[in-house]
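Common to both upcoming complexes is chain A, partnered first by chain B, then by chain C.
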Partner chain A sequence: MPTDSRRITGPETSQSPHIYQKTNGTEIVLIDENKKRQDGRGLGDIRPMFLRAGIVSQARGSAYMEQNQTKVICAVYGPREIARREEFSWKGQITCEFKFATFSCLHRRQPQQDGEEKDFSVQLLEALEPAVCLHKFPKSQVNVYVTVLQDDGSALAAAITCASVALADAAIEMYDLVTGCSARISGGHILLDPCHTEEYRSEKDNTVNNGSVTLGLMPSLRQVSAVTSKGELEFEHVKKAMDQCLEVCQKLYPVLQQSLIKSVKEKLEMDKLSDCHTT
Partner chain B sequence: MVDVQLSDAEKIYILHGIQDNCREDGRSCEDYRHLEIESNVVSNTTGSARVRLANTEILVGVKAEMGNPAPEKPDKGRLEFFVDCSANATPQFEGRGGEELATEISNLLSRSYDCPSCFDLSSLCVLPGQQCWILYIDVLLLECGGNLFDASSIAVKAALFNTRIPKVTVREDEGHTELEISDDPYDVQRLNVQSVPCIVTLSKIGHSHVVDASQREEACCLARLMIGVTEKGTITAMKKEGSGSLDPASVEDMMETGKKVGQDINISLTCVLKMEERQGVKRQTIGFLR
Partner chain C sequence: MAAPSICVPGQRLGRLDDNTTSGNGTYERNGFIYSSLAGYLESKDIDDGKKLVEVRTDTKKNIVPSVDAIVTARITNVTPRFCKCIMLSVGKTPLNEPFRGMLRKEDVRATEKDKVEMYKCFRPGDIIVARVLSLGDAHSYLLSTTENELGVVMAVSEAGATMVPISWCKMKCPKTMSEEPRKVAKVQPQFLQYSGT
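Right, the complex of A and B next:
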């Protein structure tokens, strides 16, 4: 990874103490005998969700989302003129920047975007692009910035949901919102909305049929705008996981709408107040 | 992706052809173009391969170097993917122009190799916690003729099949360990690439989908699904690419096709690689490299 020479980096070879932690030799049990997960959820249950639009006052649009300990904030700026003017284009551009805050994960993240974050940025962009009416703002661009404040699993799915609400909050014309959902596949079981301990990691899950699927859906059009998977999986399991994610995405839709309605109402209220002051 | 300019009429021509399962070069929707594979083409590497898929030309070199294993995986080696989009292929890649595409390819490659059941990284370990082999897999793009992801993954698999890492013996000597690398060219360690995946790209054009899209077909396509498929027919990585969206039912259809085509590719690739190896030095050179 290229490093920024102007930034003073810490000692190069420091490690998070978590990797030296004793695991007591026992594997983490994802599902107990009552088909409950560690945090008491059933296999198909998702975590409670908090979503609010209009958090960053100076951004054109913004949203904040929580799923227990996963916390994501997103701000949208634009449409504005493309900084480095290239050729003329009838279509607008979206740029996405996905960043884990340096303190958001168990190990410390570098201030610069690493490979995983770049990968997530591209996936986020591809999830949002189909939903935005790009032809409505020719030769200009919209910037979407997503920062994960705390990562407790399913960060990409949360980022997709949060960013689409922020785009709508910025009054960017869209065909539909996009909702995201992740699933962890472990053996024959599908765990929806995995938290950090449940997420797939290639170093500890050695057997076939261990992995994860993330899906982005435009609910009212019922179109898949993003789908990714990790780990070696059989086709049948991927399909099953996708179907379950699809249902969850569909169910989340009203939550997104509610948060937008609330934000619009608040904005109208503000406008009314400022009108009173001027007259 | 690399742009080609197509008029609307040309796009409709391609689209209608695909609807009738007959593409502009006469292939059906599930056919690949002619593929050339040659391995052991660069002498300074631990393993190398050249793949030519119609107009797409890719050269892969694998270099094995010794290094420290990652602290969270002390008993495993590492694969480092790097893709170089050379400006030889198209002037658009000049400077940092090809970087975006390059990281996309290398990210998908490393994701599809990142599962212990498909590639055994512990065979690259020399001394747990201290020394391991790091394989630098460098993909060089020499010509772009569409379907770069599939071609690179095939080339990477071929190069890994060709890789021969020198044997290392560890000797305990009065408290400190000594590593000795064998200089016998036949005393080597080979990699098991049996269950290594190949990437299959399915491009949605109109209401159908095609495999191995040419550059002109890529220009008509809004959404692609890329799947890493192993010989057993399992998925190791999946990704949707492009600015379009897909119907859930068509995602399933595309996965079905991807599985079938991917298994076929893996099987015939293994067969071809073994055949080439049997020929040994008597093998004819087909490419420009000799």
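Right, the complex of A and C next:
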């Protein structure tokens, strides 16, 4: 991948801070003898979640989401005209841009989208598309921009949830919201909502039944809008992980609802205030 | 207004039966009405005893031009065969994002279509009211002004003054008293308050 030559990269000789990292080289123990994970969670416990809609004032709709150290912000623009020359279509279009901020991960990310980010963009698009009433805005386009401010695992799942709330906040007509959840499969164990150290990495966890599953669910319609898995997994494990993810997605739904209700209420209040000023 | 019940996309609003119809911001599925917007619920009685269920968001409407809608547009460039414009609002709702429109020579007026001269009908900068003819090709919407009520509503003369219409095809500059040809809209009195002058 070509790097951006216009940007000043760091000094020529420098030491990576990662060589001083504690976990480097040593085997990470995912589950201790008490069936607890490194951060003290049980296998099926998810991290506490913070979600807020209507964050970015310039955007049509936006949302911010936090799951401990995983922080994701999403902004939605449009429906606007399709700028590029494309085939005429009666359906609207969604574009997704998923980006890790340069400072979001342990290793510095490039300012341009890399392969992983492009991959996530497509997965995010596929998760959102079934939920949006595309026929309501023919010939136009809705742009979704997701930026991961800090990555501590399950970034894609967080992005799916965050983007669907941002779309709803932008008053784009949707059939349902989408909630995302991911699980790490390690041996026979399923760890829900993995954090960064627990996430599956193909370069080191290459034994059988090591992998991860990410799932997007439309909770009210009870339809799965996207599912992806990584690693070499037996079907039994994938199925079990999916079932657990489904359960979590359903549990998260009220959080999404509450955040949207709050933002709608705020907007109604604002309307009242501006009405008072004009009349 | 009493505390409005707020709903989010995918929320079930009620059963769909003979007495209820689903309005804007909702959709029907498996005999139920669901919300498709994050907004507040409004149900009102319409004629023949039916109840209309709607979800509304007052703050921002996501509107895109649709066929047969009346749009207000600003002319950006004029060529002998067509002129291009930027749509500013659909009906009374201002658009958040500009949409491009195209008005072809044959869609300017209903009669004597072959004698239309574009330069005598529109000039860049004119504000026109037009009807959306079709969604057009990939780039722009097709507009039409083939009605008496459609055409130029506001135009600035060469001297820089806002002109006044004197006939369906002429406008006069109040400063220099010169006349300029335009395809003038017969503005309906009930809409005059929106003209802004």
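Note that the second predicted complex is superposed on the first by the 254 of 279 C-alpha atoms of A that agree within 3 Å, B and C clash if a C-alpha of one lies under 4 Å from a C-alpha of the other, contacts with A are read in each partner's own complex, and residues count from 1 in each chain.
In this text, contacts are C-beta pairs under 8 Å (C-beta built on N, C-alpha and C of every residue); 3 or more make two chains touch, one makes a residue touch a chain.
Predicted model, so just to flag it, every value in this text is computed and none were measured.
In the superposition on chain A, A:135 makes contact with neither chain B nor chain C. When the two complexes are overlaid on their common chain A, residue A:218 makes contact with chain B and with chain C alike.
Once the two complexes are laid over each other on the shared chain, residue contacts for A:235 go to chain B alone; chain C is not touched.
Within the superposed three-chain model, A:227 lies in touch with chain B and out of touch with chain C [touch as defined at top]. Within the superposed three-chain model, A:260 lies in touch with chain C and out of touch with chain B [touch as defined at top]. In the superposition on chain A, contact of A:251 is made with neither chain B nor chain C.
Applying the stated contact rule after C-alpha superposition, one finds that A:36 touches neither chain B nor chain C. Legend: residue contacts after superposition of the two complexes on their common chain; A:19 is shown touching chain B, with no touch to chain C. Residues 131, 218, 221 of chain A lie in contact with chain B in one complex and with chain C in the other.
Chain contact summary for the complex, chain A toward chain C: residues 60, 78-82, 85-88, 90, 131, 133, 136-140, 168-177, 218-221, 256-257, 260-261, 263-265, 267-268, 270-271. For chain A in complex with chain B, the touching residues are 15, 19, 115, 118-119, 122-123, 126, 129-131, 134, 202-203, 205-208, 210-211, 213, 218, 221-235, 238-239, 242-243, 246. Across the interface of their complex, chain A is touched by residues 71-73, 76, 103-104, 107, 110-111, 114-118, 223, 225, 230, 233-248, 251-252, 255-256, 259 of chain B. Those residues of chain C that touch chain A in the shared complex are 4, 6, 8-12, 25, 27, 29, 34, 36-40, 57-62, 64, 66, 96-100, 135-139, 141.
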